[in-house]
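Dropping the structures in below, format is C-alpha cells.
Next, two complexes with subunit A in common: one pairs it with subunit B, the other with subunit C.
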Partner chain A sequence: MQSNSNRQITTIESAAVLVSTIIGVGVLPLPLFAVRAGDAGAPLVTLLGMLVGFVGLALIALLGMRFPNKNIIQYSEDIIGKWLAALGSICIIGFFAVLTSLTAREFGEVVVTSVLKETPLEVTVIVMLLLAAVSTRNNVITFSYIHLFYFPFLLLPAILIVALSLKNADLINLQPVWGNNPSHMLPGVLTVAALFQGSFVLTLVIPAMRNPKKAMKASLLGMLIAGGLYISIVIAAVGVFGAEEIKNLLWPTLELAKATSLPANILERLDAAFLAVWVTAVFTTLFSSYYLTLQALSTLSRLKDHNMLSFFLLPLVFIMAVMPQNIISMYEIIAFVGRIGLSLTIGYPALLFIIALIRGKRGDRSNGKQVEKAS
Partner chain B sequence: MNSSDGTSGSNSTNSSNSTNSTNSTNSGNSSNSSNSSTSSTSNTNSTNSTSDGNAPNNRKRVVTEASTPVLEPTVNVDLTSNLENTIQAIKAVLMEDGDFIIRRFRVFGRYDAAVFYYSSMVDQAMINSSIVKPLMRPPGTFEGTSIEPDELYDALINQIIYHSDVHPEPSLSSIVEGLLRGNTTVIVDGLDEGLVISTSKIDKRAVDQPATEQVIRGPREGFIELLDTNISLIRYRLQTPELRINTIEVGRRSRSRVAICFMDGITNVDLVKEVKQRIAKIDIDAVLDSGYLEQFIEDNHYSPFPQVQYTERPDKVVANLLEGRVAILVNGSPLALVVPTVFSQFYQTAEDYTERFVMMSAVRLARLIALVFSLVFPSLYVSIISFNPELIPTEFAVAVAGGRSGVPFPAVIEVLIIEISMEVLREATIRLPQQIGGALSIVGVLVIGQAAVSAGFASPITVVIIAMTTIGSFATPAYNAALSLRLLRFPLIILAGVFGLYGVVIGLILIANHLLSLNSFGVPYLTPWVPGDLKGMKDLLIRGPLYRMGERPSFLYPEDKKRTGKDIVAKMDEEPYKVLDPVEVEKRRSQSDAKQQQPSDNDN
Partner chain C sequence: MANRWRKPVKLAVVILMVFPFLAGCWDRLEIEDRAVVLGVSIDEAKKVTEEQEESEVIPNGPKTDMVHVAVQIALPGRIPLGPSDSGGGGGAGSQETLWVIDVIGHSIDDALMNLQQQISGRLFFGHLRVIVVSEKIARRGLENVNDFFRRNSEVRRMAWLLISKGNARKLMTAAPKLERVPTLYLMATLDEGIKMGKFPKDYIGIFWSNAVKKGQEGFLPYVELRKEDNVEISGLAIFKDKKMVGRTKALDIGAYMAIKGSNPAGYRVFVDLGGPKKNVMTSTTHRDEKTRISFKNGYPHFDVYMTIEINLEEKISDSVMISTTGTLKQVEETEKKMALKIYRDTIEMTQAQGADIFGFGELIRAKRPSYWNRKIRTKANWQEMYKEKATFDFHLTVKARRIGMRAK
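And then the complex of A and B:
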C-alpha cells in the first residue's frame, strides 16, 4: 500500500504506535483476568502473558525485517502462494474486524455503566466507531503521528493512578508472588497475552519505517513500556484490593481510579476524569485495529484507496459490536476470540517465518542474494 | 486575446527585438501562452507573453494569467512616430478621466510633444521641474545649438531629462500600464518610443505602531499599505545581498504587485519555487489584501485552522525569513504572509525573543494555557455540571448548585446563550466607532453580566467561566488562530451537553486528528511536537536561550542550517570575568602598581 519513498516513521514513533495500540480498554478488566488465573500471582501471570505476546510481536518484527517493503498480506503471498495466503489474510481481516467491534462494545459498556447511565449502548458504540472510521481516512504517516500524539495522554493518567494508589497498597496482598495454584495459570496467561494482539499493526508500520532494521528495537521498546504499565497496574490493583476483592470487581482498574484522589483535593474523584482521558487510549486501540482491517482489506483486494472502504465496513463492525447479549457473554466472547486470535497472531506468523526460512524467501533485496540464500 | 491576434502577428518580430532582458522567463510565460494558445501560433504566444511582461518597471517580474480585458487590445500595438496618432490611441484606452492629464508642449520650441499622467498619482512638482522645464527650455549647454531629429532621442535620454528612472517604451500597452502605476509618459513627435518616467507619488500613512501585535519590548514599526515602504522596512533590517525580493503581478484588474521575499542561501529553493507556482496559479479579478492570497495558497481550504501566518511586524517577517520561511507581501495590504506555518507559531510573539528566556518561557506557557482554556473551558464546565458534579470538591459543588438554583435552563443552553451574546458583544465592539467602543464594552460586560445574573438568567459561575474563556481567547496572539478556536468551542459545548466529558474528549480527538493530518507546504502542522524533533522543542512550549538555538528549524530544510557560530555555546558557558570584583580590582591595581614601580625604578 505504502510507496517506498515515503519512509518517514522513526523508531520512537513505531514504538509509540505499539504502546498506544496495546494499551486500551483491556487495561480496565486486566487485573481481574490476571487474578482469576493466579490470585496473588497476578503480576507474574501478566509478565508471562506479556512474554507470550512478545513472541508474536517479535515474529512480526522478524518477518517485517525480512520483507522490509511489504506487509503481511503481501509477503504471505510470496511465502505460501497466492491462494493460501488469501485464506490467511481473510482470517486476519475477519479477526481484526471482530476485535475492533469487541473493543468498541467493551468500551461502550464501560461508558454506559459508569458515566453515561442513560445513554443507549448503541450510541456510545457508534460514536466510538465513527470516530475511528473518520480518522482512518489518513495515510500511514498520519496514522503514526496520531499515535505519537496520544502517547503521553495514555501514559500519564495510568502512571498517576498507579503512583497515587500505591500509598494504599499492602505488600502482603502480593504474596506469594507465584500465586496459590501455579498450575492453573495457563488460561490466564493466554487471556492476558490476547490483550497484546493489537501489536500486530506493526506489520503495516514497518514498510513505512525509515529504518526497518530497527523494527525489533521498536517492538522491544513498545512491549517494555506497555508491559511495564500493565504489570504496574496489576501490582497496584492487587496491592490495594487484594486478590479476593478483585474477583468481585468487573473493572478493577476503574475502581482503582475511584479509590484514589489527587492531593490537595483538587478533584473530588478521579474515575470520571480517568475515563475521559482513557477515551484516547481506547480510541488509539480501536483506530489501530480498524486501520489494520481496512489496510489489509484494501491490500488484499488491490484497491488503491482505502478511504472509500472505511464507511462500508462501519455497519458490519457495528452489527458485530452489538451482537453480544450482555457484558457476561461479551467477556466470554472476548476470551474465546482472544484464544483464536492468539493462534492467528502468533501461529500464522510463526508458520510464515518458518516456511520463509526453509524456502529462503527474502524481501526486495537484490535477486542475487535471494539465489544465494536459496542455494 | 482574440482581438489582438492580427496585430500581434504582424508585429511579432518587432516586439521580440525590443524585449527587455530583465523579463524573467518564469511560469508567467507558460500560463500566458496557455491563455492564448487557442487562437495563435506558438510564435505569437511567446511574443505575446514577453511584451506583456515588458513593463516600465525594471524589476524582475512575472505577469500571471490575469490580464485586464480593456488592456488586451493594446498588447503588442506599437507606437508610431506620429504624435497625434499616439494621443488618440492612448485616449481611446484611458478615455476622458478627470484626473488624466495630457499636456501638449514643444520640445526646444521645435518638436511637438505631450506629457501624459494621472494627476492623482504623481508628484506634480517633479514633473514640472525635472521633466517639462528642461524639455521646454534646454539647459545652458544646448543654448544656441539646434538639435537635429536624429540626435533628439539620444539628447533627451542622456542629457535633458533630470530623472534616474527613465525607460523608453515602444508599445502602447506598457505605456498605459506605466501611466496606471503613476508614471509619466513623454511622447515626442518623430520618435517611435515613448519615455516612461517614474514619478509615482501616492499618499500614504506614516509607519506606525502595529495595531494588533503590540509589544512592550521590541521595535515599534508596523507595515503600512504601500509595498515599497514595506520592502524598505524589511531591507534596512536585513542589509545583506542574500535578501531576494521577487515581484509578481496578480489580479486581472487590480494588477496588484505581490512581492515574494526569501533569503538566498537559507530558504529551501524548492519551497520558493512552490510558493511562486501557487501564486502564479491565482487568477482572480482583484487582490485587495494578502488575505485573498492566503485563501489561494493554503493547503487545506476547508480546515478551520489557519495554515498561513500573517503579521504586520517587519521584525517578525525578518525573523521568519532567517528561519528559512518565505514572506509574501501585497501592495495595498499592511499584513505580510509567512509560509510554511506550523501551529506553534500562533502562540509565539515577537516579544518572546526580545525579553529574557526564563521569563518569556513562563509567559509563553501561560499563553498556551489561555489558548487551551479558550477552547475547552466552557465545555468542561458544562460536562462537569450536568454529568459529573462528583468531580468537583463538595463545598464548591454546593456553591455551584446554589448559584444555578434559579436558572431555568440546563447548563448547556445557559452557556450557549451567554457565549453567543458574548460573541455578539465582541463583534459589536469591533464595529463601533472608537470613541464609544470602550464605553460600550464596559457597559456590556459589567451591566449585562450583572443584570443577567440578578435576573436569574445565568448563574454567576457561568458568567465567570465565559469571561475567563473570552479573556483567554484574547491572550492568543494570532487573531486567526483565536478565531478558529472560538468557532470550535461551540461544537465542543454541544458535545459536552450531549455526552459529557466523554463527548468533550471525542471532540478533542477529532480536532487533534484533524490537526495531525494537516500540513502547510508539506510541513506537518504540529511540528516540532509531532513528529518529534528534540532540537525544535527548544522553541515549542518554552523558549530556549538564543545562543543554544543554534540551528534553524530543521523541518524547513534550510540550505544553511547553522544560525550561530560554532563554539558559541562553549563561549557563553565560560565563567565570565568579574571585572569589578574587589579581589580582581585589587589584583589588577597591584599589578599595575608593580608595573609602574618597575619603570620608575629603572628611571631612578
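And then the complex of A and C:
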C-alpha cells in the first residue's frame, strides 16, 4: 500500500507544519495569559507551558513511531478496540472542530476591534473558514508544502518585532525570573500549554513521512522553534511594558507591534504590518485544525475521499464560531475548552501509549513480517 | 463543448463571489472624509454656556465635573509636506493648516461624540501626536483620559501626554514660528529634548507602564506657554496612582536623569569657585549610575553610585584660570557638592509626596523579591514605605574632561 510517492514528507517539513500550526491566533493574548499567572515570571510560565505541551506532542510522536503507517484514529482501534476508540475519536473530532471555530472567531474579534471596524464579524470569520475549507481539499503532502511555504513568513516578522522592541526593554521588568507570586502559576501554565495543542496534527503527518523514525526529532525541532518564539515574545512584551501594564492590555503582542518602530522612522508603528502577517499565521493554524477534523472524520467513517466533507463541515464550524456572545465570554470559553482539550491531547495519547506498551501492540514490524492485521 | 467552458465559468463565479468579501469595502474611507486629529487638549469646563448646553447630545450625563476638550484637526491639502516652499517665510498661523474646535462633555468620549455631531469627517486618531491636559484635570485624576486613549485602537503609544500650567487649549491654538503645524512643534520640542539630554523618554505608553507598576509612579512633562507662543518644558509633573500630586523645577529633570543614569546628558550648571566673579559653567555629557540595595533596621536603604562627565563651557570673568588639573579638580569637587544637594532635594521632594518616580520600589521587587513579598506586596505599601522609611545615600564622581577651544 505504501508506495514511495506517498511517503515524501521530510523532517524539516514536519517541523515546519508543527511550527506554523502552533504559532497562530494565540500569540496576541499570550503575554496576558502568562502575566496573569506569573507576573514578572511570565517567561517561566511560558517555558513550563511549552514543556507540558511537549509532553503531549512527544506522546503523539512515540505512538506514531510505533505505528508508522497509521494515524491516531486507526491505531487507537488496534489498541483499545473499535468501540472505545470510536468514542475517543469522536471526542477528538469534536474538540478540533470547536478549536477551529474558536480560532476563526478570535481572529474575527481582533480584526473587528483593531482594523476593519465596519466589516461584520461574520464576514471575516466566514472568509477565513472558506479559505481553510478550500485549502483542505488536498492530500497531506500538499498540506505540508503549504505549511513549509508560509513558514518563513511567520517567523521573520515576529523575530523582527521582538528584536526591534528589545531596545526599549528593561531588565528590571523581567526580574525576579520566578515572579513575585509563584504559587499561582499552574492554571496559567495549562492555559499556555493549551496554545500548543495544534501540534496534535503530527499524527496525520507521520504516516506520510519519509522516515517516521524521525518524528521525535521533528517534534523536538518544531517545539523548540515555536516555543522559543513564544518565549521571546513574552520576554519582549514583559520587558517593554512591565507585568502590571500587560494586565491592562487585551492583546499585548499587538500593542508591542504598535509601540515598535523601524529604525529611522521608516514605519512608526508596526501593528498594521504585523497584523497582515499574522493573518497567514492564523490561516495556517486554522488550516491544520480544520484538516485534522476532516481527516479524522473521514478516517473514522471509512470514507475514501475527504474532499466532500470539507464544505459539509463548514456551516457547523461557522455556527459554533458565532456562538459566543461577547469577547469576554469568548475568552472564558477558550480557556475552558483549552483545559478540557489538554486532557484529550495529552491524557488520551498517554492512555493509548500505556495500553499499547502493556498489550505489546506495534505496527512498525512491517519489514520482516506482515503488518499486523487491523481488526 | 459545454465542458470546455465549465471550468473558466466556475472560476469566474467563485472569484466574483469571493472578491467583494476580500476587498474590505466595508471599511473604505476616503482620506478627505477623515478628520485627522493631531492634538487634543483637555481642560475643565468652567461655565457652561447655553449654546454649549444645547450642543450636548446626551442631556443627562453622569454627575461628574465636565471637561472642555479642544481638538486640532488637520486640514486636508494644507499640511505642507517637506520644507515650506511658498509659505511666506514661516510664521504661517495655525489657522491655515489646522482647525481647532472645542466642545464640552461629561467625559472624553462624550465630548468627542458631541464634536462628531458638529463636523462632517469621521474623527481619526491614528495621527494623534500630542495630548495636553491642564494641571487642574491632572490633579483631579487621569483615569478617564488614560482609559479612553488606551481603549482606542488607533492611538499610538508614542504620542506625548503633557500637563500644562494653566489653560491647555492655548497650546492647541498657539502658532510657533518654527513649524507650520503647531502640534508638530510641540512634539519636536520634546523629541529634541530627548536627543539633547534635556528630557527622559516619556511617551504616553511609557507613562502608562510606569504609572501602574507596583514599585514606581509615573511622571509627565510639565509645560508652560511663553509669550512668543513658544513652549517651555518647565519641570516634571509627578503622579501618584492616577492623580498629579506635585511638580518639579526644570533642573530637577537633570537630577532625575542623573539618578536614573540616562543618556545623552545635557544640563548646564554654574559652578561657584569662590565669589560671583569666579563662576564657571559646565555641561554634563555623560551619566552613569548603579544602585545598591541594603537594609537598615529592616527598611530599605539605597546607595546610588553615580558618575557624570562634564565639559567646561564658559567662565564669567578671567579671575579664574583654567590651566592646571588642580583647577579642574576644584571644579569637579564644587560641582559634586552642588549636584548632590540638588539630587537630595529632588528625592526628598518626591518622598514628601510619597511618589517614587524613580522606580526604587521596582528595584526591590526585582532584586530582593523575598523582602518585597514579605513586607511590601502592594503599591500602597510601597508608597507608604518610600515616604516614611526608605533612606538614600548618593555617591557622586564628577569627571571634568574637556574645556573647549580656549587654552586658559
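We take it that the second predicted complex is superposed on the first by the 358 of 375 C-alpha atoms of A that agree within 3 Å, B and C clash if a C-alpha of one lies under 4 Å from a C-alpha of the other, contacts with A are read in each partner's own complex, and residues count from 1 in each chain.
To be clear about the criterion, a contact is a pair of C-beta atoms (placed from the backbone, for glycine too) under 8 Å apart; a residue touches a chain by one contact, two chains touch by 3 or more.
Bear in mind that the values here come from a model prediction, so they are computed numbers and not experimental data.
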item: First (subunit B), second (subunit C), both or neither touched by A:180; value: second
item: First (subunit B), second (subunit C), both or neither touched by A:148; value: first
item: Touched partner set for A:78, first subunit B, second subunit C, both or neither; value: neither
item: First, second, both or neither for A:113, with subunit B first and subunit C second; value: second
item: Touched partner set for A:242, first subunit B, second subunit C, both or neither; value: second
item: Which of subunit B and subunit C A:122 touches, first, second, both or neither; value: neither
item: Partner chain(s) touched by A:135 [first = subunit B, second = subunit C, both, neither]; value: first
item: First (subunit B), second (subunit C), both or neither touched by A:268; value: both
item: Shared subunit A contacts, counted only where both subunit B and subunit C touch the same residue; value: 115-116, 119, 127, 268-269
item: Complex contact set, residues of subunit B against subunit A; value: 387-388, 390-394, 397, 499-502, 504-506, 509-510, 512-513, 516-517, 524, 526, 529-532
item: Complex contacts: residues of subunit C adjacent to subunit A; value: 18, 21-22, 24, 26-27, 150, 153, 156-158, 205, 208-210, 212-214, 359, 362-363, 365-367, 369, 372-373, 377
item: Residues of subunit A touching subunit C in the complex; value: 40, 113-120, 123, 126-127, 130, 171-176, 178, 180-181, 240-242, 244-245, 247-249, 255, 258-259, 261, 268-269
item: Subunit A to subunit B touching residues, read off their complex; value: 8, 10, 12-13, 111, 115-116, 119, 124, 127-128, 131, 134-135, 138, 142, 145-146, 148-150, 265-269, 272-273, 275-277, 279-280, 283
